[in-house]
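Both complexes shown next keep chain A, but they swap its partner, so chain B is in the first and chain C is in the second.
Let's turn to the complex of A and B:
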């Protein structure tokens, strides 16, 4: 049992460090960023099957949306799909907005889509043992991890559902070799760190768009209305944790990164975001979106 | 009353007999064709695996060609073998 765990840890170490090795080879760009939809340099034209399948995949999600998963096709390039996973309740990710960019290869669905995780505070936060700071998503069906590989019977929704299942109640245990806590309380402390970073980066950071991501307007609208619905939940979490302000935490999986807890500051940011959104909604203008916002208000 | 038939036109329909409506790979209807073809019928046939799953021939062949080893059914991951019934 132990041997197996170590083997996995080594494999992961190896795959992380392989990146550095690749830097020296001549075509390192291709190999290093093969998983990365924004840098893979693949501009091949979609096969007819691929473009039909991408539309079908999206249509199926629109018809029967999986809870907490929001998807928009790119307006200018059908190969790209923008997705936001809203953190599931009772997980450290609850109420956070986690943005993913997907790119379907030319012969999709023979090959899986490439996925990049974008909500990383510009490459500073590793939100999960399987969601790296550089945006790499470690998932066997994407070919970035060991285990059951991609099959063309899978689709965009299965990829997003698999990612959602990584973002569970105790993500600490996702890391191979960490099926037991190294020190008692590690899994809980990791959750507290993730909860803080969710509010700081995946709620405030996403609503303020401090990393200047190009998030499609439909998804921005969804975030804004969800933010107002969850506002009390966010502030309650902040108030419950105010006394950990000033503590420092080092991410056991994130190299030497970590964070200073600053719930007081987050609370202020949340208030500012809310008052800005309320101002925006109260302006009586005839934007094409006003109907949608009106109905959202009724729901609240 | 006597009726004289002056002319008649026969109409027939055909249907693939498959245990599913859509191809699991391209997700198009079996009674249509795969997205690479223009017309359904013998030019875009269906094939069955021994696991009983069924696909457009063009779709499953593309998948099998991309898998040099370990050729599996996309639906059930059993080893893929054509069912030549």
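Let's turn to the complex of A and C:
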């Protein structure tokens, strides 16, 4: 039964006894942050079964990690889980680090966790039709979208895998009503925009932590080692796209207008991040498969 | 407490306005629904006390059709137990009423305990991940054990009633019956697929309409839940339809029902025959 019908049956049944909430009134504000784990104001204490279950969900991910998904429980509050999804190869998100904050409700898993997407360049980039700039994740199992609801037999990895599947090769088509391009080439232009923003925000921005996110150290370490592993891929993408530098980007969903592609600048940032990491990790400058120090020259 | 810093979000006023525009209608409805559900939960117990069936007449003091139907109902049923109308009412009512009934007959109760004890393995075999069903299974067995250990039947029923009104236990009982029902549907999917409208597969139907909490139940849920527990239920329909009598349906057809439920559009309560 769809949400509307479901509500309708409920309404019919109870309207005699209850004042129906006015959807247009000041209620808006309370409802507005219901999805948001950092602002929902919910401080209820977990039931004992809920906290055991959260640990088991995490254990399950540690035991059998889904590719590209990394999670860490919060050190001081077990309700919170930090997760990074690494963008899948051959998608515009490839190699990017997408950070999510999850919060389990007191009666988890009766209700789903709440999720906030944190890699948004401080609210400026909408990385997917379902990942809003304000961090909201639109997903039916989270109750923030229509479709199949959460079930208590699901787990934290179910949520992260669903998000990962949104971040696919052609995310343009995720948007309802956009099963065909509004303007020919939109899907491709959206991918170009996302590819650039992935490198700018989800790679450089995340490694530099320019938005001052509180990312747990284990995840930072993972990003650093993955960064070094993917370094050549990042630089290759930049070089392949250098010719678009200076052009305006086009976000078919109307975000971030008036900005330019800046692959040259991204290349510089990538190099700086790498050399800082190498200093920090005290890795000898010569890496395998590179001729001595001049790894910059390798791809030229 | 985790401190989440969103960079210069405060300065970025466009984000805030965007929030409002991005709240779509469905979501407002869902939020409103949650609000209503919360208000309901504060007023109606999960499983109510036994009430005289004739008290139902008060609900319909201005309605002759219903008054007549309540009188008819009272010829067969002496009492009613209301359940919280939260979308889980069938599963909660059925689970409670069946276990309550079993408590009258020790052998039946013990047989049901043994059957339930084996049920987790069936679910795992069907592809449910063990650890995601374990807590619900453990709670279900724990409740059965706790009430089964009380020698005196009335005492056991009182304990059952109090456990079913403890949200933690009660919801876990509901979840487990939902999972057993889903398991039953999937095990006999060739049979059940004819009852599912459209192109939805039995698996998808289970994920969308059976396993999630607060999803209301249809005939197909009831038949599968009965098959899962190995029993039958009589549903007594009471609506504004013509005729003085209420309509009865035994599910599955031809069964000897162990549980009687009163159905009024969108909701199930438990009935007790004379």
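The working rule: the second predicted complex is superposed on the first by the 246 of 300 C-alpha atoms of A that agree within 3 Å, B and C clash if a C-alpha of one lies under 4 Å from a C-alpha of the other, contacts with A are read in each partner's own complex, and residues count from 1 in each chain.
What we mean here is this: a residue touches a chain if its C-beta (ideal position, glycine included) is under 8 Å from a C-beta of that chain, and two chains touch if they have at least 3 such contacts.
The shown structure was predicted, so the numbers you read here are calculated from the model rather than taken from an experiment.
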{"item": "Partner chain in contact with A:213 - chain B first, chain C second, else both or neither", "value": "second"}
{"item": "Touched partner set for A:77, first chain B, second chain C, both or neither", "value": "second"}
{"item": "Which of chain B and chain C A:151 touches, first, second, both or neither", "value": "both"}
{"item": "In the superposition, chain B vs chain C on chain A residues touched", "value": "C"}
{"item": "Partner chain in contact with A:195 - chain B first, chain C second, else both or neither", "value": "neither"}
{"item": "Partner chain(s) touched by A:53 [first = chain B, second = chain C, both, neither]", "value": "both"}
{"item": "Which superposed partner A:114 touches (first chain B, second chain C, both, neither)", "value": "neither"}
{"item": "First, second, both or neither for A:123, with chain B first and chain C second", "value": "second"}
{"item": "Touching both chain B and chain C, residues of chain A", "value": "47, 49, 52-53, 56, 107, 109-111, 148, 151-153, 155"}
{"item": "Residues of chain C defined as touching chain A within the complex", "value": "1-9, 12, 15, 18-20, 22-23, 26-37, 39-40, 43, 85, 87, 128-129, 131-133, 135-136, 139, 167-168, 171-172, 175, 178-179, 204, 207-209, 211-216, 265-267"}
{"item": "Touch list for chain A against partner chain C, complex", "value": "1, 3-4, 6-7, 9-14, 17-18, 20-21, 23, 27-28, 31-32, 34, 38, 47, 49, 52-53, 56, 60, 74, 76-77, 80, 101, 107, 109-111, 116, 118, 121-124, 132-136, 143-155, 210-214"}
{"item": "List of chain A residues in touch with chain B within their complex", "value": "47-49, 51-53, 56, 107, 109-111, 148, 151-153, 155"}
{"item": "Interfacial residue positions of chain B with respect to chain A in the complex", "value": "24-28, 34-36, 59, 62-63, 66, 72, 74-75, 77"}
